[in-house]
Amino acid sequence: MSIDPTLHENPDEPHFLKTALTDRSFAIGSCITLLIAAMALLSFLWTPYDITVLTVADKLQGLSLAHPFGTDHLGRDILSMIMIGARNSIAVAIVAVGIGMGVGVPLGCWAAARGGLVDEVLMRFNDLVFAFPALLSAIMITAIFGPGAVNAIIAIGIFNVPVFARVARAGALSVWPREFILAARAAGKGKFLISVEHILPNIVALLLVQGTIQFALGILAEAGLSYLGLGAQPPMPSWGRMLFEAQTRMIVAPHLALFPGLAIVVTVLGLNLLGDGLRDLLDPRLRRER
Amino acid sequence: MKTIKSIIGGAALLLAAGTAALAARTDLVVGVVLEPPHLDPTASAAAAIDEIVYANLFQGLTRVGRNGAVEPSLAESWDVSEDGKVYTFKLHTGVKFHDGTDFDAEDVKFTLDRARAEDSTNAQKQLFAAIDTVEAVDPQTVKVTLKTPQGAFLYNMGWGDAVIVAPESADGNKEKPIGTGPFKFDSWAKGSAVRLVRNPDYWGDPVALEKAEFRIVPDAAAAIPALLSGDVQAFPQMPVGDALSQIESDPRFVVKIGATEGETILAMNNGKEPFNNLKVRQAIAHALNRPEIIAGAGYSEAPEIGSHFSPANSAYVDLTGTYPYDPANAKELLAEAGYPDGFKATLKLPPPPYARQGGEVVASQLRQIGIDLQIIPVEWAQWLEQVFKNKDYDLSIVSHTEPNDINIYARDDYYFNYSNPAFKEVINTLDVTSDPERRADLYKTAQKIIAEDAVNGFLFQLPKIGVWDAKLQGLWENSPIQANDLTEVKWTD
Amino acid sequence: MTAYLAKRLLIGLATLVVASMVVFAVLEVVPGDPALIMLGMNAEPEALATLREQMGLNQPLLMRYLDWASGMIVGDFGRSYTYSSPVIELIGERAAVSLPLALLSLVLSTVIALPVGIFAASRRGRPADTISMGVAQVGVAIPNFWFALLLIYLFAVWLRLVPAGGFPGWNAGLWPGVKALILPAIALALPQAAILARVTRSAMLEVLGEDYIRTARAKGMPRRVVLWHHALRNALIPVLTILGLQFAFLLAGTIIIENVFYLPGLGRLVFQAITQRDLIVVEGVVMLLVASVVLVNILVDIGYAIVDPRLRTRQ
């Protein structure tokens, strides 16, 4: 869980297909992301071992051909656990981003369209949510409503709302004064219709970039919550909890902590690169500076 | 990699050798898992309090020794009347509380009266329930009269909840405990450590340690590095998990696997469908593969149990074979009970690793006979509220660490929802029996009844994995009572 | 300026009031009876009832909120259920660990990030830029608790240079205290440094692209002078924003790290308090953190206004 470092400029019309493949960040990032997603999807059909069957006698094995990443403290195959864990991470992060977008974007657009009191109240509400340290609040929420994937999603999702509201509002505010909007208004279109038909398409790129970043943050947040035992619950594996369980066994089996950690790093790295790449492609001004 | 490590390790050893040339140490850092809520053992059932203050800071009339026997403490001797109702305690002379006030019979009377008073918040009021009157005959003599003879009275007086406190300081004991023990309270850094110092005016044999610190080390993840780096020199009960083998092979440490009073059970809600059906409970008992659960819970060895009784107790009977591991038989029993395809249920697991990890293994074993368990991890607070108090659960895993607590199966309204008049009868007889042999027989009968009723899944006796510096002597290997008695602990060279 | 300041303060105050209501309301629905937790597993019902009465748990909700909220104004945060000592004392004890930790990691991350970011900006597009930003990119992706684990096993268990965890207390002396905070501070600082380095770099690039910098360079001013005197100063605004945000984040974000190193700080206090249902402590700590975020935001805004007068009117 961390801070989005960049304030976004209004992007010009997207024309990224041309340059997409030549942008290094985008190419690497999308490859990694696709790979992780493929791994998660594959786990629905096939994993090397069935992780619901425990063979405690095989516990804490090192790396071998049979178990490329070794086995955990209950004798489960770590590669299989990581594959299924990817599912969990991705699902939690996607839904959390979905909540953030689903609630935040309409709010942001509404604030930008109406201005005045609505805008003021909404932004103060944003400040209020931002004033709560996100991780602490997520811990509170999961501790109150019980640990589990669903509550982790909600906890992470809530804190995505003001992020998207802010981005959508900023984006929308910069679109509103433009001429084609004025034309639409002159043609008698209502604010709602304009928001949906003209504003939204113009800020989609912005939201996409922010979405990628929040996705990556969501994966980190989920890992943190799981590490504290507040995320997905057994028998569903999660990367964060695998790290927690590995921690006590690091002197006997360091590989236990290695692979789930790497899985998180690689996934987050992939998404961040993808986000950077997208921004470069969508925001020509920044690209010029590279 | 290995060579670099050994070179660096060698350098570290040299450094360590340089400092070891000094005289024997007189300080000790002991690692404990739970932080006490406060330090008054007479106002809470929290074992974390007794693990720090028992025998070190506070003393009772009697005490429980390292082998579980009742020994004299502040009372140097006692007489019991013919009818077993009047106990006359002869107290030690020259005993002072840490604040300098004298200890005498009035303090004993104050303590016992306070504990059994109407507004008492003593968590173990039943320890004092048998007391009718307490009389300070003279400063060195106390006469306690019981309503009915009670076989376990002297043992009860040895609990941490029955330690003697002074009227002058009793109310402040939570924050600044004042007792009569060989150590005095020094400071408490909340969340971190409780520090004790030697009591120079101690009435008994002086202790070897000058300073003792109980450091709160919540889990294995923190405990292992703390031990390996020498920050903590002793863990009377170390959360160590699978790293045990590594530590056992390290010559710097000794590992003592002792017994505790912790019967670890798969608690079943006997009052709820389908667990009110004996066949279902028997099926579950047959489906449990204890060695695998023990290994999964992170123990290399732990005594299996077949009933709610400590194998260390002389009245123990081995009932582990009552319902041996037999999944096929378990399935048949389930079918007979009307669940040929099994059923769904929940398994609520409190935080300790034996529950969380053991629970995963139990869930996987029960899944093999068709019982599909949803694991719900709960914090202790929620466990107490939901499982213990409101009995809102199907299955749970927990270790019952109170000594000799088989009588909980006779309690109405206990969270097992178990009720068997025959069992209650046995416990009632036990309460008024003081003949040791008769008592042992009754204990054996009690064990058999609950084993055959498969009230709970009886898993294993929680081992006490004590790990400490090889140069330390005098720590307890077993824990017959929740205590870390440091009176005989010393460093050797 | 005064009007602007007054408005900011007023909004901050209102945020605090609403936040206190939210915190109190949310925590009231937490399941778990503090009295039961205090007495433990074998508690008897009478003892429990007595204790509930003593703790004032039987009073109506509104009364308890007003009691609590009005107490906070005069610095009385109530009494912890589990520790039976005043919450403010607990917070004070724990802040003595968390505050230095947060400061130390803030300093560390700034000391690492600013030079790296400026350096990368000055070498835009060259291998040095690519490599340092690549490292930063990885740094952002590393979960700090995983990094902490690696640090513990390398420096504490393997090399035994620093303690693996725990805190000796400031009474034990400055150095032992700082020593215990080094690893946690590094673990916290690294991912923050990575973010900060990236922000610094892009802020510098943005400024370096401005006309007046080009003019300065064209006038023949040495590159170093332009970089450090003109560009950095203007690039500091976004950097300061991030720093301000990061401090609040670090203070709260210590929860996981304090758990990894079992440091008796605010994060551990609140985490333990949540699991033990010591709600009054949770409420106190959360309010304090919220207040510090609000305060930092106000300070950052004021900082803006001082650095860039144009912003004052825009608000």
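Lettered A, B and C in written order, each chain numbered from 1.
Note that in this section a residue touches a chain if its C-beta (ideal position, glycine included) is under 8 Å from a C-beta of that chain, and two chains touch if they have at least 3 such contacts.
Note that this is a predicted model, so its numbers are computed, not measured.
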Chain at the geometric heart of the assembly (C-alpha centres): C
Which of A-B and A-C has more C-beta contact pairs: A-C
Between chain C and chain B, distance of the C-alpha-averaged centres to the nearest whole Å: 39
Length of the line joining the C-alpha centres of chain A and chain C, rounded to whole Å: 22
Chain centre separation (chain A, chain B; CA means) in Å: 45
Residue list for chain A, restricted to those that touch at least two other chains: 143, 247, 250-251
Per-residue overlap in chain C, given as positions that touch at least 2 other chains: 31, 153, 157, 260, 275
Interface hub residues of chain B, defined as touching at least two other chains: 221, 224, 228, 351, 379, 382
Chain C - residues contacting chain A, complex: 11, 14-15, 18-19, 22, 26-27, 29-31, 124-125, 137-138, 140-143, 145-146, 149-150, 153, 157, 191-192, 195-196, 198-199, 202, 205-206, 209, 238, 242, 245-246, 248-249, 251-253, 255-256, 259-260, 267, 270-271, 274-275, 282, 286, 289-290, 293-294, 297
Chain A residues touching chain C - in the complex, by the definition given at the top: 1-3, 5-7, 124, 127-128, 130-137, 139-140, 143-144, 216, 220, 223-224, 227-228, 240, 243, 246-247, 250-251, 254, 257, 261, 264-269, 272-273, 276, 286, 289-290
Residue ranges of chain B in contact with chain C within the complex: 5, 8, 12, 35, 37-38, 44-46, 119-126, 174-175, 189-193, 215-218, 221-222, 224-226, 228-231, 351, 379-382, 384-386, 388-389, 402
Chain B-touching residues of chain C, taken from the complex the two chains share: 31-33, 36-44, 46-47, 50-51, 54, 82-85, 90, 93-94, 152-153, 156-160, 163-167, 169, 260-262, 264-265, 268-269, 272, 275-277
Contact set on chain A toward chain B in their complex: 52-54, 56-57, 59-60, 73-74, 143, 146-147, 229, 233-235, 244, 247-253
